[in-house]
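Multiple structures are listed underneath, in structure tokens.
One chain, chain A, links the two complexes that follow: it is found with chain B in the first and with chain C in the second.
Moving on to the complex of A and B:
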């Protein structure tokens, strides 16, 4: 083993994933027992993400050739892309379970408010189109960098960020406050709790996606991506499209039927 | 990888499907039938995003096993919930 290899091994270590995990545990524990604890958990998550992205922007991680042998039946995938898809599998299970739970309580309840009388279909449809357009924007970023077009990459990523932020502003700045003013809150029985838990969890995922896209933007402006080195754009794009897919089900389930 | 013009076409189709969902909601008819039609359109949109934006269409077919395995798990959960009703 050469000295160079040892140095690379040391440089790729980070405590950030552990810190993010501990922060998330604190965040959800706090949401159940004591909200200020959740705020502290959120701060720990933010610090962990900052650490991770700072180290990555400063290129402290090395992409060593993997030595683990068996990945059948997906041995054609890089370990990072495989990691993203396994993560997305866990996300399908989280959202899928909640959506099945919602459908279960919805159709086993004697009465349920008419969707269009509670929810604002226009805002819901606007947000759907905004998310679809943000997916197109991140595809534009990927297509651009694959042909070496860094200007297109910047436009695509900035567009994705702006549209993701617009989604959250409409959802949290206009839609939720209007519902609260009309008396439809998280305490409004099953219709309220299912709506705010599911759309809240989705909004948290959009916010997480914005952090990741923010990292891509910072990395882009430092010249971190090239025609041959842009795996992070594709991998974070996979996550962003997944968040889009979840909304494709939440919109009709809550706003239309 | 397909061209941007192709992806623009996919996006336009997804937006049109969204409008179709909202229009379907206002058609007079049985609630159950309308709901099923809307959810079928939504499922079509989700599959389109996975196939083209997540480019599963152009990947090795084994990759689809990962999300399909998770979806099968959810289907089992749905069946269990339905049986307990």
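Moving on to the complex of A and C:
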């Protein structure tokens, strides 16, 4: 009855967390003191992330079988998926705080430029449609692999990546330069500050999502996903949908009202 | 009931010895025990640094018109003392203990995401190094006070790169703690062993549930504020330098983090006190279920009180009333927590050793710190006390007193499990007594400095602040070294021989007894009688929860009322000394 739970198995170790931590510190330190150092820091972080990728290819840290135990009330979720949901909760709070901050400064400012005159609603609407379609694409990928269709998975993921990239290209390549030409810049006052910081942070999340989708594509071409083993697609898909939903709030708040 | 260490444990002791000196092992580990030890050691290192800053503050304030520090250096010292103590010492110390203890208490092999746990640790360490290194940059470190109030935090007023680096260090720390909270919440929800249901979850783990839930809600708003602040400092946005955003925007974001942060720091301390009281009073916590509900109530309410830090910023009357009310409301369940802890001791058979003494001290300081705090829930009193040493005294009683004492109690309490060695009880008690006296000599005079502004670097003779400040500095010179000795007692115990018993306190909780229920899926041969060999729930020992139902083997007979008093007086074992002797004899 007194069963001892001792660690008999070999301990897993990796340098990746240390490297990522050191890289982030170097990145931030460089930003303040000496910018080339920051580029080095970014490279170190990338190296750490690549180590994580390599580990996942070797399935070094994969724990496919869930431990038996008490899991109420989320017996139906896997460990990782629950982690993603909790992570999204923290993301909701970051964007929620920023949106509330935006509403706060907009209310305390007496005058605010008319949204449709400053912002290019056509491009914004195009981007909205692109992002929504990319969410559809990643769902297509998930549905495909659920029935074992690897070709559909590839098309879905590549489509997601292409649409996400198109969103960023339209935003950073066409929309923002036009605003800068019109004198609506990040330092031109609170309307510019709020717009560029909030949509900029959102764009950074899209870029992060692209890295994650890129990882999925790489794993797909290595044959890493099968009918029964494709949790990563759903988990990263959740994040992708979240980024999409944030845009659903940012678009009307900045472009329409 | 002393359990003999089995071969595996002895082996792990030997393995541990080889491991301690392997740098590679420590750099690459993802195991929760090792990361817990790293967390604790790092937090103690930053405690030494921040403690030195604290001693510098007190040295400067010893006598009127002192010039030990310049005004600018004093500002940096105060800022770094506050930031480091709250965010790099107390929060991670709780997280470090939790890293070690929580998986054991719930019967998990590790945290849910071991690599993420390691990443949390390394980002925490490097963010702390960044924060300390700001003072060495040209132009010095942050000098705004730990609250980094706007517009003082903008580049117009603090142009030094050290300030920018401090903002980024805070951002990195927010990342670290958010990762920790995701990890712990997932672990506690998903990785419990069979039989460890929510109702039977050990109390320290419960405290970590609420701590991490609060951290999940508190740190992202801080991160959001820091994103805005860094974009102000790097990209030329005008969030905190404009009048429409400015001070109030920062206040809202910062204190929406700042007040829950108080509970993020205090909750693990309360969890430790609950565990220690149960073990050394040898009985389950008084009103355990109510205790947990009160925890939840405090956690919930703590997210609705932040504006009481902003009473003097010109809030309108209805907001003043609302937040005055919520602040008074939160004190009700919080007092309930303290009462449950105190009532656990009522008519119990107390073993008065070092962890227990620290916990009793923590109860004393949380009472005093709580009462002096709740007075400020009344806006009228807050107008009077705001920004004085009264407030400084209040939050040091809660932070330095309750949290630090209770977390030290946690270290002492779990030390025999972590290191398999017993510290020197006599030195532990002496260090405690000196630290406790020093603490009160240091912070009690603050309650008499009602007129002294908290952000001045020196004062005149005519102000009349001199005598209380002198006493406080003497206290600081006692408290600081005593706290260092308290840690030293633990470190020196590493030279002691390995303990024979795995559970020297005869504690009843799962991290000691490891008495998890067998997973139901394990093949259990049907016994001859046809009854399932799995123990039915009621017979699952090794948890305080079951002592409540009367099925606990080791709890002392619960004598009631008069009988118990007679029992105690006959034994003559009310004084602490004889109890300690009795405990020694017991070994």
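Everything below uses one rule, namely that the second predicted complex is superposed on the first by the 201 of 257 C-alpha atoms of A that agree within 3 Å, B and C clash if a C-alpha of one lies under 4 Å from a C-alpha of the other, contacts with A are read in each partner's own complex, and residues count from 1 in each chain.
Here is the rule we go by: contacts are C-beta pairs under 8 Å (C-beta built on N, C-alpha and C of every residue); 3 or more make two chains touch, one makes a residue touch a chain.
Computed from a predicted structure; not experimentally measured.
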Would you check which partner chain A:71 touches, where first means chain B only, second means chain C only, and both and neither mean what they say?
-> second
Is A:133 contacted by the first partner chain B, the second partner chain C, both or neither?
-> first
May I ask you to name which of chain B and chain C touches more residues of chain A?
-> C
When the two structures are overlaid on chain A, which partner does A:32 contact: first (chain B), second (chain C), both, or neither?
-> second
Contacts of A:241 with chain B and chain C, given as first, second, both or neither | first
Check whether A:256 is in contact with chain B, with chain C, with both or with neither, and answer first, second, both or neither.
-> first
Considering only the touch criterion stated at the top, classify A:148 as touching first (chain B), second (chain C), both, or neither.
-> neither
So which positions on chain A get touched by both chain B and chain C?
-> 74, 77, 86, 89-90, 93, 97, 101, 104, 108
Interface residues, chain B side, partner chain A - complex | 1, 3-4, 7-8, 11, 14-15, 18-19, 21-22, 24-25, 31, 34-35, 38-39, 41-42, 45-46, 49-50, 53-54, 60, 62-63, 65-67, 69-71, 73-74, 77-78, 81-82, 85
Listed in rising order, chain A residues that touch chain C in their complex are 1-8, 11-18, 20-22, 24-25, 28-29, 31-33, 52, 55, 61, 66-72, 74, 77, 79-80, 82-83, 86-87, 89-91, 93-95, 97-98, 101, 104-105, 108-109, 186-187, 189-190, 192-194, 196-197, 201
In the complex, the residues of chain C that touch chain A are 6, 8-9, 12, 25, 27-31, 107-109, 112-116, 118-119, 121-123, 125-127, 129-130, 133, 137, 161, 164-165, 168-169, 171-172, 175, 178, 181-183, 185-186, 189-198, 216-217, 219-221, 223-225, 227-228, 231, 234-239, 242, 244-245, 248-249, 252-253, 256, 514-516, 518-521, 535
Residues of chain A touching chain B in the complex = 73-74, 76-77, 85-86, 88-90, 92-93, 96-97, 100-101, 103-104, 107-108, 116, 121, 125, 128-129, 132-133, 135-136, 139-140, 142-143, 146, 237-238, 241-242, 244-245, 248-249, 251-253, 256-257
